[in-house]
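Since the structure comes first, as structure tokens, the remarks are kept for the end.
To keep things simple, chains are lettered A, B, C and D as they appear, and every chain counts its residues starting from 1.
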Amino acid sequence: METGYISAFWFVVIAAVTVPLMLGVGALLRPKGITTKKGTQAYECGEDPVGSAWVKFNIRFYVVAIIFIIFDVEIAAVLPAATLFREAVLGGQGAFVFAELFLFVALLVLGLIYCWVRGDLEWVKGVTKYAPKK
Amino acid sequence: MPANSALFAQTLTQWTQGTWLATVPLWAWALVSALIIIYMLALPFGGIATYIERKIAADMQDRIGPNRVGPFGIFQFAADAIKMISKEDYVPPGGDRFLFNIAPVLVVVGSCAGFVALPLGQYLVAGDINIGILYIMAVTTLIAPGILLGSWASENKWSLLGGLRSAAQIVSYEIPVALSMLPVILISGSLQVGEIVKQQGWNPADPIHANAHFWNVFHNPFTVIAFFILFVGGLAETNRIPFDLPEAESELVSGFNTEFSGMRFGLYALGEFVDVFVMCALVTTLYLGGWQLPFLELDKFWITLPSGLIALIHVGFFMGKTLLLVFVVMWLRWTLPRLRVDQLMGLCWKGLVPISLFNIVGTAVWMWAFKGQSMIQVLGSLFSGGSASH
Amino acid sequence: MSNGMKLILLIAELVTVGSALIVAINPNILYSAVFLLFAFLGVAVMYLFAGADFLAGVQIVVYVGGVTILILFAIMLTQWLYRLKLKDIGSKFVIPGVVLALGLVPFLHRGLTELGKMIQATPPEKMAEFAASPKTQAIGKALLGTHVLPFEAITILLLGALVGAVWLARPRT
Amino acid sequence: MNVLDFANSIEGYLLVSSVLLILGIFAVLTRKNAIGILLGVELILNAAGINFVAFSKYHSAALEGQLVTLFLILIAAAEAAVALAIILRFYRLKQTIDADEASLLRH
């Protein structure tokens, strides 16, 4: 294993330790005995919060996440082939790698066109459809 | 034979040759390099950036800005830090204490760990690992779950809405960002950041002409577009204006960090600024030649410069380019209005993603047609009658 | 490999197992999802130590950055259903579940103890050389060479999954 | 055998993988919540991935195991997307995500 990962390990450890460290330093420095009164509420512009804070939200967030994960996976899958492209081009045999890359882009474009045409990328579509007719 | 890619630690080892520090093992130097970069670069930058941002804002709005603490108010960030540290450590009573505590850790780790693969100088990169770009993509994904969990744990409607927007925005814009890194990978044939920067030098005497092709942003017309897409996507991933919907103060109070106060808020703000730096440094590394100077190679200069001076010049150029981009980020804040949610998603999926897919094909065709040479090299070989091409 | 590195691997394995335990038995589904994130990270470190650097990166990008976000969205979207009855464990299959899970233990134990005899011995230096070699380009060559057919099949499957999942998730009137 | 060496051996990897498998099966069978079942499935898939990677290093010192794991991760992501979309659909139809309620082959 490369030694660079040792650095990565220390970075993660130090960054993770920094958070409790700073909060701990604060606990030592700050004046004692002054605490917010119990029974404080969530800050919603001074009004009393109505209902649970864990509201139901727009399902569009979820559809976007689904589209994202498929694109993300496709990109991860094409990275190894992409690193070979330069070598193949300089060696005069780029056609195969190029075909592979083109297929990758074509599949992503197809998926994107499907989502676009069927309106999954329209953020406000659901709202306007359910809005009461005048 | 395992490759030694902890270049920063290795450099420290070499500099301390012959002193009493020579017996310190590599892992300890790796720890030292992590301490140096996080505590002397990342976190101070996060602090000073708040001061710089306020000063820039003041200049643009014809105000004076912070001017009380120290000369030109330069110690304002220290005063802010002391204020935040000494504030009450507040956890919302209805919220989820465990998730509330763990969320800032994820955000800070996600932004600080990205520094590992950023080459500050030729030999000043903490870990030049061979999946460098993938590594940076991987660690920065920790930020989105951190923001989402923190907003959930706050038990506040504004927080939750801000967190959901933020997560959706970060994951959406990760696609154009990743797609805009692909042209660089096609050009360089490597995920290793050190290798990518090395190829962006200028060396017409190189036997394989394509090995040193000047900055990637000028490699072909498509990479110019990809550079801008990467920058815009980076703005959105770091929740900066004009993409600051997650913390839009006019509609969501303060967004996902509404309930975070004192040092907890400080850590979020710090994480955000560090993330801005990582993003700008990544753009610099991939497209603006990293530590490379335009048209100069200090190693092959007509006088032999001391290696320490070369390292300093490299770091200076890297920081200069990166801070210029950071300045642009702050400049945009006072220039552009905020987008609406539908415009945000539309810009990403209907604008940036198709264009960056087009860029990939375009770059591949260019590479194929011109044997991997850049625009400048092609023009150069045209003027010299094709003699420079191999 | 030095003892310190082995210790890091041991910690990663313990984190993986401990997080998986919490995923399986914690009644609060949100905590299960959060600890699933840590289990994914632990598995990524284990991949790294087994010489699969590229896979470790893909594991984090896909699982932590993708699947976890998706699961968290799903939990937050549906949570008002079960926040009142946090006790999530307790389907019809609790007893079969415990029996089956415990029943697998002797088989796996036997498999593990017999394993040393079953696998062929790989020379340690070959193993170390394999673990140290960079994998990205090698995987790329394999994906474009010997394994091109499953690779293409999977990219097409992903397109199908995108169309199907978006169709299922789309709001209807 | 030293515990550190055990962690770095194929037995250590397979022990982790089998514990993940057992816990995954346990979660799949005992969860009422359909998303909980999905969490269990993810554990099982990761257990399989660990197995392939471990054999790839310790048994054959060849790349095949890693390729299978790569395919596995890619398919697992598609599976998660489709499974969560199905759960969402079920939630909209029945206003519940209790997997025990999903007993009809139609909607």
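Everything below uses one rule, namely that a residue touches a chain if its C-beta (ideal position, glycine included) is under 8 Å from a C-beta of that chain, and two chains touch if they have at least 3 such contacts.
Given the structure is predicted, the values throughout are model-derived calculations rather than measurements.
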item	value
Nearest-to-centre chain - CA centroid comparison	A
Pair of chains joined by more contacts [C-beta pairs], B-C or A-B	A-B
Length of the line joining the C-alpha centres of subunit A and subunit B, rounded to whole Å	16
Subunit B and subunit C: spacing of chain centres that average the CA atoms, whole Å	29
CA centroid of subunit B to CA centroid of subunit D, Å	34
Inter-chain centre distance, subunit A versus subunit C - centres from mean C-alpha coordinates, in Å	19
Residues of subunit A engaged with two or more neighbouring chains	1-2, 5, 9, 54, 57, 59, 61-62, 65-70, 72-73, 76-77, 79, 82-84, 115
Overlap residues in subunit B, where contacts from two or more other chains coincide	2-3, 27, 129-130, 134-135, 152, 160, 164, 167, 171, 174, 191
Subunit D, residues touching no fewer than two other chains	70, 73-74, 77-78, 80-81, 84-85, 88
Pairwise touch network: line, ring, star, complete, or other	other
Chains touching one another, given as label pairs in label order	A-B, A-C, A-D, B-C, C-D
Residues of subunit B defined as touching subunit C within the complex	1-3, 27, 96, 98-99, 102, 129-131, 134-135, 137-139, 141-142, 144-145, 148-149, 152, 160, 164, 167, 171, 174, 191
Residue ranges of subunit C in contact with subunit A within the complex	1, 5, 8, 48-49, 51, 53-54, 58, 61-62, 65-67, 69-70, 73-74, 76-77, 79-80, 83, 131-132, 136-137, 139-141, 143-144, 151-152, 154-156, 158-159, 161-163, 165-167, 169-171, 173
Of subunit D, residues touching subunit A in the complex	70, 73-74, 77-78, 80-81, 84-85, 88
Footprint of subunit D on subunit A - complex, ascending	59, 62, 66, 69-70, 72-73, 76-77
Touching residues on subunit A, where the partner in the complex is subunit C	1-2, 5, 9, 52, 54, 56-57, 59, 61-63, 65-70, 72-74, 76-77, 79-84, 96-97, 100, 103-104, 107, 110-111, 114-115, 118, 120, 126, 129-130
